[in-house]
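Got a structure for you, written out below as structure tokens; questions coming shortly.
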Amino acid sequence: MFYHIKELQYEAKPCRPDPVMARKMQEILGGQFGEMSVALQYLFQGWNTRGNEKYRDLLMDTGTEELAHIEMICTMIARLLDGVCPTTLDEAAKDPFIAAILGGSNPQHLIVSGLGAMPSDINGNRWTADYIIASGNLLADFRANLNAESQGRLQVARLYYETEDPGVRDMFAWLLARDTMHQNQWIAAIKELEAQENIVVPSTFPRELEKREVSHTLFNFSRGNESAQGRWAHGPSLDGEGVFNYVEQPVPFAPAPVLPPAPPTAFDTPPLN
Amino acid sequence: MFYHIKELQYEAKPCRPDPVMARKMQEILGGQFGEMSVALQYLFQGWNTRGNEKYRDLLMDTGTEELAHIEMICTMIARLLDGVCPTTLDEAAKDPFIAAILGGSNPQHLIVSGLGAMPSDINGNRWTADYIIASGNLLADFRANLNAESQGRLQVARLYYETEDPGVRDMFAWLLARDTMHQNQWIAAIKELEAQENIVVPSTFPRELEKREVSHTLFNFSRGNESAQGRWAHGPSLDGEGVFNYVEQPVPFAPAPVLPPAPPTAFDTPPLN
Amino acid sequence: MFYHIKELQYEAKPCRPDPVMARKMQEILGGQFGEMSVALQYLFQGWNTRGNEKYRDLLMDTGTEELAHIEMICTMIARLLDGVCPTTLDEAAKDPFIAAILGGSNPQHLIVSGLGAMPSDINGNRWTADYIIASGNLLADFRANLNAESQGRLQVARLYYETEDPGVRDMFAWLLARDTMHQNQWIAAIKELEAQENIVVPSTFPRELEKREVSHTLFNFSRGNESAQGRWAHGPSLDGEGVFNYVEQPVPFAPAPVLPPAPPTAFDTPPLN
Amino acid sequence: MFYHIKELQYEAKPCRPDPVMARKMQEILGGQFGEMSVALQYLFQGWNTRGNEKYRDLLMDTGTEELAHIEMICTMIARLLDGVCPTTLDEAAKDPFIAAILGGSNPQHLIVSGLGAMPSDINGNRWTADYIIASGNLLADFRANLNAESQGRLQVARLYYETEDPGVRDMFAWLLARDTMHQNQWIAAIKELEAQENIVVPSTFPRELEKREVSHTLFNFSRGNESAQGRWAHGPSLDGEGVFNYVEQPVPFAPAPVLPPAPPTAFDTPPLN
Amino acid sequence: MFYHIKELQYEAKPCRPDPVMARKMQEILGGQFGEMSVALQYLFQGWNTRGNEKYRDLLMDTGTEELAHIEMICTMIARLLDGVCPTTLDEAAKDPFIAAILGGSNPQHLIVSGLGAMPSDINGNRWTADYIIASGNLLADFRANLNAESQGRLQVARLYYETEDPGVRDMFAWLLARDTMHQNQWIAAIKELEAQENIVVPSTFPRELEKREVSHTLFNFSRGNESAQGRWAHGPSLDGEGVFNYVEQPVPFAPAPVLPPAPPTAFDTPPLN
Amino acid sequence: MFYHIKELQYEAKPCRPDPVMARKMQEILGGQFGEMSVALQYLFQGWNTRGNEKYRDLLMDTGTEELAHIEMICTMIARLLDGVCPTTLDEAAKDPFIAAILGGSNPQHLIVSGLGAMPSDINGNRWTADYIIASGNLLADFRANLNAESQGRLQVARLYYETEDPGVRDMFAWLLARDTMHQNQWIAAIKELEAQENIVVPSTFPRELEKREVSHTLFNFSRGNESAQGRWAHGPSLDGEGVFNYVEQPVPFAPAPVLPPAPPTAFDTPPLN
């Protein structure tokens, strides 16, 4: 169960309106790696955790914090849109702000949301749960989380240099720091799990059932051998189960398949000569 | 540029038709972590790599191999659908195979694709590029790749125990082994990059610009202290930049926001009493 | 069955080309509350109506009119795009209209549709039937319709002040009036149904089967008591079945859930210490 | 900012596993009118409210409660999936539960989420923010909310009769009651706003700018006059601005449009004879 | 402008309820090549036609007829769902029809639409305007139309043999005949246009601006020469502009690209050694 | 199985950076008829071909070539984005390139992909497999392919006149030529199949089972007789099975449907008076 308080986790106040930055900030709200994605990803992972209360608690802690980040960014966007409309009906059509909101900015911020944040990305694509991941396997999912925090911090860093507004940069500084912590914490959790299991997910699947002769082989399917220089191409494998090897000229292991004709009621093309 | 040969990388031949397994296998073809996702993710990452030819080559090697996996699974699905239709028009409507294909199986395999694989998941959702990730930052993206191979191997492992068909299991054994290698290789590549940069992505953003006082803090937003037991809550931070600390009762840093009324031409609700 | 006549329900003729307004108008054609949404929503509701011919007829009347509105807006968009291209091949690349169409306007209007309207919104998202609602329960659906006409008229009102073109405004004046009627008519129909049933949908579900002790309770989950001032927090409930009450400090009714571990073949993370 | 406690708002415990009901319950979690939709709809409306703190508080109260409902349903789904897998690897492929989970149930509950709830609907379509509405106009949005609660309660009522499990029915009884309250509260809020403004949204758009001669007209576009019997076809209009009238044989107000040819660089079909 | 009459173009009456067939029929209503797709595709093409009134009229004739087909299939689906629910509340949970509707059928037909047709396909994916095509070039679009009618008739033919209900088959017989006509008519229209223009779309683009040396070349990128046997590999080209030729071993025309490093503010991975 | 070589099929090198053209080029990469669509469409058709090796080979040849086109366009887009960012952090926020990338260009090219191509269209909609077609019937599918190459070449032709960059135009000249070949080849394949089967798909469905009296009838549902002038309205039908006829005033063949009330547990609106 959740409680809400009206105060913000951190300040979200720009120094001046900027509808173009309002649009840009949508990416870190409702984009593939926006706050909606991490909030819901962590909460679903938490609710589905079975018998590992420490990790469930960590997921709920972090997911609940991300709800506060959604709130901060929504507030920031609403304020960046302040003053974008003319204040009297007469001056409406000729006001330059109206023009601005339809240049590099998102016209839905006026037409659809009435100067409020939207659950969508920088190009107006609505957020979709296709973005989120919760598999029941914590090591797999923490890797997803580490990726999400890496992509998210990368996007905030790129946005940082597109504004000089100290208020906007101040909130970015907060988000960058929190993403630093979140990368740290998922790495720590991953290390714990890898130490107890194995680095290969899922660790409980019997290894003898996989085709072990190709479990540590790099096939060179792209002509040129630059990739042979990496750690992945020689030496003991990192999972402690074999030795890496490099196959310069991979060959097929099976003949060309020939499918039989479909039966008549499928109405596929019958064999022609 | 690509060349195709007609032979398969590995055999994809079931011992008997099974339209329900044909449906299930769609998840690892066209689902969130199916072969379409990894193939296109690696290829886009490769094409966008700037100035790191070793990694570009590794991405192209692996992406090109995944195209062969798409091909293998498509072939397997088509064969699992063999014999699903009646062979003469008369017996069509009463044949039990027709019933089977509409029970636990996907009826689009007959109506839409005419007994062929589809670019969609286990529930018939078409594949979408929302699933893929290519940011230009290799450390971020290799973490995405490690996650994708973890989720993918997990799904194949779960499918393994839902069939006793030795032909199907044989192909799964191949895919499990290749996913073992791919997890190994992305871990190796991640370690290389982390050693040269820092574990926090992006490593080149100036740390002094983030709000460092919360860069290593775990806020306890979910009542109960189980999460305080982890490595992430105490000791030096893993990025070597600070010390983890735990805040049991987090408080807001900013007051409740109050948004001003919208201008008249936005036609939002004006302030009411 | 439908018949089409070539005349428009109302004039759709701008005074001059304006590719930016052509883009904006896509929102009321193919957006969440555009004419495609109301047309198809009313028609599906009409076709699915069982045994209430008066309402079915009203739905078909209005749905058929909305088809004419789609037609008007498509025509308007095509005319707003007239003259946007250069008239000879030589001057093509340097013509300012080409530049304009790629600034605040939608480049698909040239590249994809060849100066015609598209089934998409202001940001180029294709229309989806996720927008429409038809449940078989008329009171529920008429509330959906009232909402759709409210959102739709709101968007047209906002667009009105973004143009000074008298031709465009003339069509908007028509659409605003029709939305006024449609809001009126759905309110009238809702009142009729509420008078015959109850205001709570579905009215035929036995009330004694719901947990009646919380049927008229406002839980204060957001700290601060502003919401206690509303009619919804005191006095007899509007459905005539109870009395509103306000719970300032809501408490949970159930303990924290603990999920058992997953079985091995799920390959979830087993319990770790 | 939000806080989470681990206790549930209300009990979510079935008497026995039922993977088919687990699938069905996804509709009220991640479907068009599931708890994800209302939670995020109310929160976005709340965050975007400008200058009407009473309504903002009501939205935050209710949105925060809906987060607790997401949590309850996720918990219920996870428990309905308990015991669905075999407990040893040997018996896996022949266990009837595995068969059951692929009949009327959703196979992603095993393959993708590892026996956990998913952010998707009854057919496995991932949740999308296309479902939610936040326009900045409270009267419009409260109508959306009333519709959402009507559709939602309708779906729970239908599900109620598809199970005899007393634990599942007990949670449904809670949800039905809360939806009763939420319908009541949005109706109360709508009445307040209609009394202060007008019933037509947006009430502040100058009426003289709309084409008033058709503001209260029902056009009979579907042959047959059943719809003429309603309150919407005669008497004073409900907005107090006119008198309803009925046009039996609507005629077009504008001639057939003829579009000029496209310029050569559009490469549309030129006029042919 | 459109008028609706309540009569159906053709009878849509099954002999008995069949919820599984109701689900199957959704594919030809709301699938990629269902009636919603062709109706809206032809109408958008018609509204966007510039200066070719004969073709515009043909498109409007056919698009308007397809609206009647949507109506017929909606009616059929509603009737196939008749009697699917228990008739009194008491017997609800144990009625076998309820079980049936959740086996091979679509549970949304009860939970979401209340025994009515839905704007979605056989697997419950909502219809999307991604399915439709209207480019402004009539020859291109008539090829799209010919494809749509070919896929559509193919799907109806496959459905025909999955039922023995004479009422359902009677409606299929109508749809098959209409699709026969529509394939005929688009072929006739294509021939007219090809005779006036050229077979290559767009015919008005200056041929000398394309790289003519590869305008009639088949590159053999898939090892094995079966494809060299076709008409496309030898003889004069069908567009009358050249001679087909076959390149057995295609070679690249350009060197491997090397992208320069990204600037620092992109935060891509810098060149590493 | 596939092999990759690092060389490009054809040069993809612009003369200068142009972020607006980078955005435009996304349409022919990840739009409805971009290279991703044709590549995957041909490959899926090829893998699903049953017993017609000549056509399977042709599909694999062409699908493999389209992979090379994806690669070329990705390379071109990356190069068009070169130099778009400032080279030192200090000048970042005020550099005009940053402004440019957020005007007519796609800001995701910096924020999300770090100056790389994305799997999305000109407006940032991610590519979806809803765009592709593979039915198992080759005549139907080759018509889809002919349409795809027609739409694709049309879009490249329109883009050609929006740039004067000789490097970009040079690559367009290549793509236009290849699309010329591909239109030619699908037309040749279609002619072969039509000669062996019939022009109506599927040709193997028994004609006597369709409602032959309307198999060659044009119904005039759009008032005005322009469409009666076409070849489709008179003379022998093109499939050799009948004679075209034109019905000026189409009438319904079935009465108005009346649906019975739903049973109580559906909670639809019961019949009201």
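First chain written, first letter: the chains are A, B, C, D, E and F, and each begins at residue 1.
Criterion: contacts are C-beta pairs under 8 Å (C-beta built on N, C-alpha and C of every residue); 3 or more make two chains touch, one makes a residue touch a chain.
Owing to the predicted nature of the structure, the values given are computational and were not obtained by experimental measurement.
Asks: Equivalent interface to E-F, which of A-E, C-D or B-E, with over half of contact pairs matching by residue number?
Replies: Duplicate interface of E-F: C-D.
Asks: Would you say C-F or A-D is joined by more C-beta pairs in contact?
Replies: A-D
Asks: Please tell me the distance, in whole Å, between the geometric centres of subunit A and subunit C computed from their C-alpha atoms.
Replies: About 29 Å, centre to centre.
Asks: For subunit E, jot down the residues that touch at least 2 other chains.
Replies: Expected reply: 1-9, 32, 48, 50, 53, 60-61, 64, 68, 75, 78, 86, 89, 92, 103, 110, 112, 114-115, 123-126, 128, 130, 135-137, 139, 154, 157-158, 161, 192, 202, 205, 221-222, 224, 250, 252, 259-260, 262, 264-268.
Asks: If you connect every pair of chains that touch, what shape comes out? Choose line, ring, star, complete or other.
Replies: complete
Asks: Which of the residues in subunit D end up touching subunit B in this complex?
Replies: Against subunit B, the touching part of subunit D is residues 1-6, 48-53, 55, 86, 89, 92-94, 98-99, 102-103, 106-108, 110-112, 114, 123-126, 135-139, 192-193, 196-197, 202, 204-205.
Asks: Can you list the residues on subunit E that touch subunit A in the complex?
Replies: It is residues 154, 157-158, 161, 265-267 of subunit E that touch subunit A.
Asks: Which residues of subunit F touch subunit E in the complex?
Replies: Contact set of subunit F toward subunit E: 5-13, 32, 46, 53-54, 56-58, 60-62, 64-65, 68, 75, 78-79, 82-83, 85-89, 92, 110, 114-115, 128, 130-131, 133, 135, 137, 139-140, 143-144, 146-147, 150-151, 153-154, 157, 160, 169, 173-174, 176-178, 180-181, 183-185, 187-189, 191-192, 199-202, 205, 209-222, 224-227, 229-232, 237-239, 241, 244, 250, 252-257, 259-260, 262-268.
Asks: Give the list of subunit A residues in touch with subunit F in this complex.
Replies: Touch residues, subunit A against subunit F: 20, 23-24, 27, 31-32, 103-104, 121-125, 154-155, 158-159, 161-164, 221-224, 250, 252, 258-262, 264, 266-272.
Asks: Touching subunit D in the complex: which residues of subunit A?
Replies: Listed in rising order, the residues are 1-9, 30, 36, 40, 43-44, 47-48, 50, 60-61, 63-64, 67-68, 70-71, 74-75, 78, 89, 112-120, 126-130, 132, 134-137, 206.
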